[in-house]
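Everything on this sheet refers to the single structure shown next.
Chains: A, B, C, D, E and F, in written order; residue numbering restarts at 1 for each.
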Amino acid sequence: MNGIVVRNIRRADAAPIATLGRLGVATVHEAQGRTGLMQPYMRPVWRGARIAGSAVTALCHPGDNWMIHVAVEMLAAGDVLVVACSSESTDGAFGELLATSLRARGAKGVVLDMGCRDAHEIAEMQFPLWSRAISAKGTVKATLGSVNVPVVCAGTAVHPGDVVVADDDGVVIVPRANAEAVARAGEERGKREAASRARLERGELGLDIYGMRKALEDKGLKYIDGPLD
Amino acid sequence: MNGIVVRNIRRADAAPIATLGRLGVATVHEAQGRTGLMQPYMRPVWRGARIAGSAVTALCHPGDNWMIHVAVEMLAAGDVLVVACSSESTDGAFGELLATSLRARGAKGVVLDMGCRDAHEIAEMQFPLWSRAISAKGTVKATLGSVNVPVVCAGTAVHPGDVVVADDDGVVIVPRANAEAVARAGEERGKREAASRARLERGELGLDIYGMRKALEDKGLKYIDGPLD
Amino acid sequence: MNGIVVRNIRRADAAPIATLGRLGVATVHEAQGRTGLMQPYMRPVWRGARIAGSAVTALCHPGDNWMIHVAVEMLAAGDVLVVACSSESTDGAFGELLATSLRARGAKGVVLDMGCRDAHEIAEMQFPLWSRAISAKGTVKATLGSVNVPVVCAGTAVHPGDVVVADDDGVVIVPRANAEAVARAGEERGKREAASRARLERGELGLDIYGMRKALEDKGLKYIDGPLD
Amino acid sequence: MNGIVVRNIRRADAAPIATLGRLGVATVHEAQGRTGLMQPYMRPVWRGARIAGSAVTALCHPGDNWMIHVAVEMLAAGDVLVVACSSESTDGAFGELLATSLRARGAKGVVLDMGCRDAHEIAEMQFPLWSRAISAKGTVKATLGSVNVPVVCAGTAVHPGDVVVADDDGVVIVPRANAEAVARAGEERGKREAASRARLERGELGLDIYGMRKALEDKGLKYIDGPLD
Amino acid sequence: MNGIVVRNIRRADAAPIATLGRLGVATVHEAQGRTGLMQPYMRPVWRGARIAGSAVTALCHPGDNWMIHVAVEMLAAGDVLVVACSSESTDGAFGELLATSLRARGAKGVVLDMGCRDAHEIAEMQFPLWSRAISAKGTVKATLGSVNVPVVCAGTAVHPGDVVVADDDGVVIVPRANAEAVARAGEERGKREAASRARLERGELGLDIYGMRKALEDKGLKYIDGPLD
Amino acid sequence: MNGIVVRNIRRADAAPIATLGRLGVATVHEAQGRTGLMQPYMRPVWRGARIAGSAVTALCHPGDNWMIHVAVEMLAAGDVLVVACSSESTDGAFGELLATSLRARGAKGVVLDMGCRDAHEIAEMQFPLWSRAISAKGTVKATLGSVNVPVVCAGTAVHPGDVVVADDDGVVIVPRANAEAVARAGEERGKREAASRARLERGELGLDIYGMRKALEDKGLKYIDGPLD
């Protein structure tokens, strides 16, 4: 599937997307059974952004950002552009001018398995961007890729319209069909965590809160008085 | 030594620990003969923390943080939790709930040869944490490791009760028995550096301050007028 | 060329150096035909610095920073020290004392294909420094290298007197003889970008601004209505 | 989709699988439009194997090979076991005993995004195996994954029943539905390459055989007599 | 402990060393509870060697192999030289002349957390050598390290006199005091594996041989008929 | 210098080139003062080749091998093609068809800071090739680079006509003007090494042969009887 642009994609409802964004990457990843997380080399260009939106995907080739320009036209307000690359590349495929364009069209941010440049300007704009590298290396516009086809980005399969959640912990993908269920499960998880947090703050041990002592003993954990030296 | 928890460990005195923390990683590392430094991939989750404390060690397995929960109970006020892993893993073994628990128990921070998550929350808490990665990847609680046994963490041998010093430059380990001597040597070094700093600020050259010109000449260094092009 | 120090080098004029610094790395790199960029592992120790100056080069050996001390004497006001290493090393060859010395002598900053230490102090001093790593690992002063000879630093050839431009995007080298032409080309490019930025801010597409639609169609790009699922 | 084993999968026909295996990775990758290639860190444990077969997939967790044991039962003669891991791990999840088991059941080989061990014995058995590392590090059997679900292995999406082609160049995946078309396209490509090879052996230039001179001239390539020095 | 050479070390008995060598790295690593394995970047320069011997340790500095020359004198027949480095270095610290010297003194091989050179000659000599890299980069003889002190080599703590076992799977360290117990445990393990191998060759499943079905069911593994597509 | 092909280059004389090839990479690197070595990630596709020849250089862009086709026409018998890339790329820019073409034109081999493919066929042809990776990933022919301009390849500056020496230890560059002097120095070095080898084979120590004992003592090396445990 090379040289194809799919104009219309299905998106998840706004409500679960908003919930997933509020929950954040770590909780969402747990809530969907520890799946969907991109590799940890995906880092925010500036700290503190937290977004969720529908994936518009672009498949580029190393050293070439042509398909990003094509993808811009496919973005609706609230979307997140997800850029995959056909082989490893840190070249600076996305910079401040593209960020300006995406912001003008209402996109929430970019997840880019390539490099970005204009890091300073992007941070000043507070434009949310996750990438594998910062590099000023220029790219060409020479080879067709595709837009809104399924891609693998930073080790994770992404379909157009999947929900992208990104924050300082990285990027997680929730398949569109699961958005509501995962949002619900995440809210439950959040409540349980709040209860645990309150107990931990009082100095209670996770060993007791989570009831681990019996399982540890069954596995054979031995306590020795020490000191050994 | 798998499946063992040692309850009591010997710690260094509070005074040299405080001195080592004040001196910081670079000075301490030099003061003990350029040894004990962890590999430079160990990075603070947020910039500006500087801690020193007694090591409580945990040996975990990849993708599994069970022993961290066990180790929490062994922490005394002022300790630093040092987590090693039996093979390379960036999974998010430590997050905001564990940070809450450690803070409640008086621990000074964590040094983690695995990944951490909830990076944003940990930075907001100003909880000191050094790790090899930030990753939301969840971990299981399935395999026994050990607590308060000797470990290798980020390329450096750590015994329970050794002094851990960490700041923006990384992490250095001072064997418990050497804490006082290294603290003293570090203070001497700090004084010498202050004297050098004052001279360097006035524009004097290190070549002269450190008396290097003779050794360079003996080795055969040649000055050429130039320019060569 | 080992064990040589060249005292006098030719430098570019101050005016194009100032222009190149104002334009920044990404624009300069494009303006000279996408060449001269150092590898993206070169990162600023703190964010927000932007410098341009004439390169004074030092060739060191792994774990040894002797030639940096020799190079300090060769620095004139406005210079940038460029440190190459004869094989990969992250050892902390440059710290706060050297930064103090360089500042006293009017140097603008350092580009270091080794590690730096005293990261916190260097950030507080706002001393501009790009390096491949932060590491407290101490270095020795035992082996001769050279100063002001041609070097390869982070994958890029640097001659003494070349213009070094560095900011949050990385480091780019402009050969001395090209400084004026590249500065001029960069200013032209900056103007074109400003025009594009204004149009992108209004929501126009790069596809139209840059006239890409015809070339995409010629290459065979196909638009499909979708959705495909 | 965790904790699931799918018993029956659809496979491609034997004829295109055999053709794809004969063509080899580089030709198949080109024949399907330069897609489907796993990342180049996937290397054969011994040189010279070339296989093609239907993918039976297993999703494991770091340091845990339990699902490989589950997957063995799902293998039919001619299948290739494809093992993905939920995060990066080089632990030795596959060794000579598992190779013995797979051979007994008629499997053609293994593609493993983890480490393998018993490298010497596997080479002596001439059992085809591609992995990201060789490591004796033992694994546990503690955490459920899945078998015959879609996975991402070494950067490439793999569905159960897809055709896996592997040789000294790496591993490529052909979606089941495309097997015949890609096999045909690969045979055409092979014929064209044979014709080119004969001409190249006679000393003709690719510039002429592939008719590149005009395009190079149009792009502005300049020939200069030289020498420049 | 810098600048120290310890002349006499305790060694394990010859019998368990011989047994450990026969068992090989993967079995020994399992037999001592999955500990002691060096990181998997340690690779043999040529395939097929398998050795075991007593560790004589050397601690070098990056780009400097002086202490290897000092260590040679400490080697007894049957010893294995283990070279650690105070920070990461791939420089070629060991070549054919040193291999000649070690062979003349009866050493069994070298484990080197640096680079080696003369790879072709070392392979032709069939001199057993594991290293992190092959590199012709020359080293200096300028900085003192130590010989026969405890070191961390490729992530594993090594004491002088520990047993080093190395083969195509990598390198494992057995503490001297455990040599006999681990050798015995390894032989038991080898027998069990031989029994399993015979059953696996007949097509029996590990699921049945190792009795895994009940545990998988208890964890909740679900079998689905499929196919799903 | 983009889009330029220089037709004629100066080459070193055949005699020193032959000598350098016979001496091999490690000796040549030492003989020219430990300079000119490419980074150790450059590895031969098959073991045992040893070549020397005059560099014809090509500068490519990531994912694009067009300039290799242009460079073929510039190769004379005895030349070595050196391919640099404007940013990191492991894509398979060179395969069996190009090897056939180069062999037909008398080239001695290829040094490629990108990936190669058809690894099996290239090994069977015994075509000498050093690269940073093996990857079947196809490349395009879309962007101009240059031929016979100065490049940086794997961290080393290469000018057209420089002497390239490559073997199992890697690749070293000798500037054309130095070829004869380095060849002579290398032969001297070879003789000294032969003398040392004979003494080492008899069991003499490098400490004595190279006269190191005094320098070690002066630096403060201490011998302790031990054992320490």
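The criterion applied here is as follows: contacts are C-beta pairs under 8 Å (C-beta built on N, C-alpha and C of every residue); 3 or more make two chains touch, one makes a residue touch a chain.
Just so you know, these numbers come straight off a predicted model, no measurement behind them.
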Shortest contact path, chain B to chain E, counted in steps: 1
Fraction-based call for chain F against chain D, same above half, different below: different
Between chain B and chain F, centroid-to-centroid distance (C-alpha), Å: 40
Residues of chain A engaged with two or more neighbouring chains: 34, 37, 86-88, 90, 135, 137
Set of all touching chain pairs, with the criterion as stated earlier: A-B, A-C, A-D, A-F, B-C, B-D, B-E, C-E, C-F, D-E, D-F, E-F
Residues of chain A defined as touching chain C within the complex: 3-10, 66, 69-70, 72-73, 90, 92, 95-98, 100-101, 104-105, 115, 117-120, 123, 133-138, 141, 144, 148, 159-161
Residues of chain F that touch chain A when the two form their complex: 61-64, 86-91, 135, 137, 140, 142-143
Of chain F, residues touching chain C in the complex: 1-2, 33-35, 37, 39, 86-88, 150, 152, 155-157
Chain C partner contacts - residues on chain B that touch it in the complex: 24-26, 29-30, 34, 37, 40, 43, 47-48, 50, 167-170, 172, 193, 196-197, 200-203, 205-207, 210, 212, 215-216, 219-229
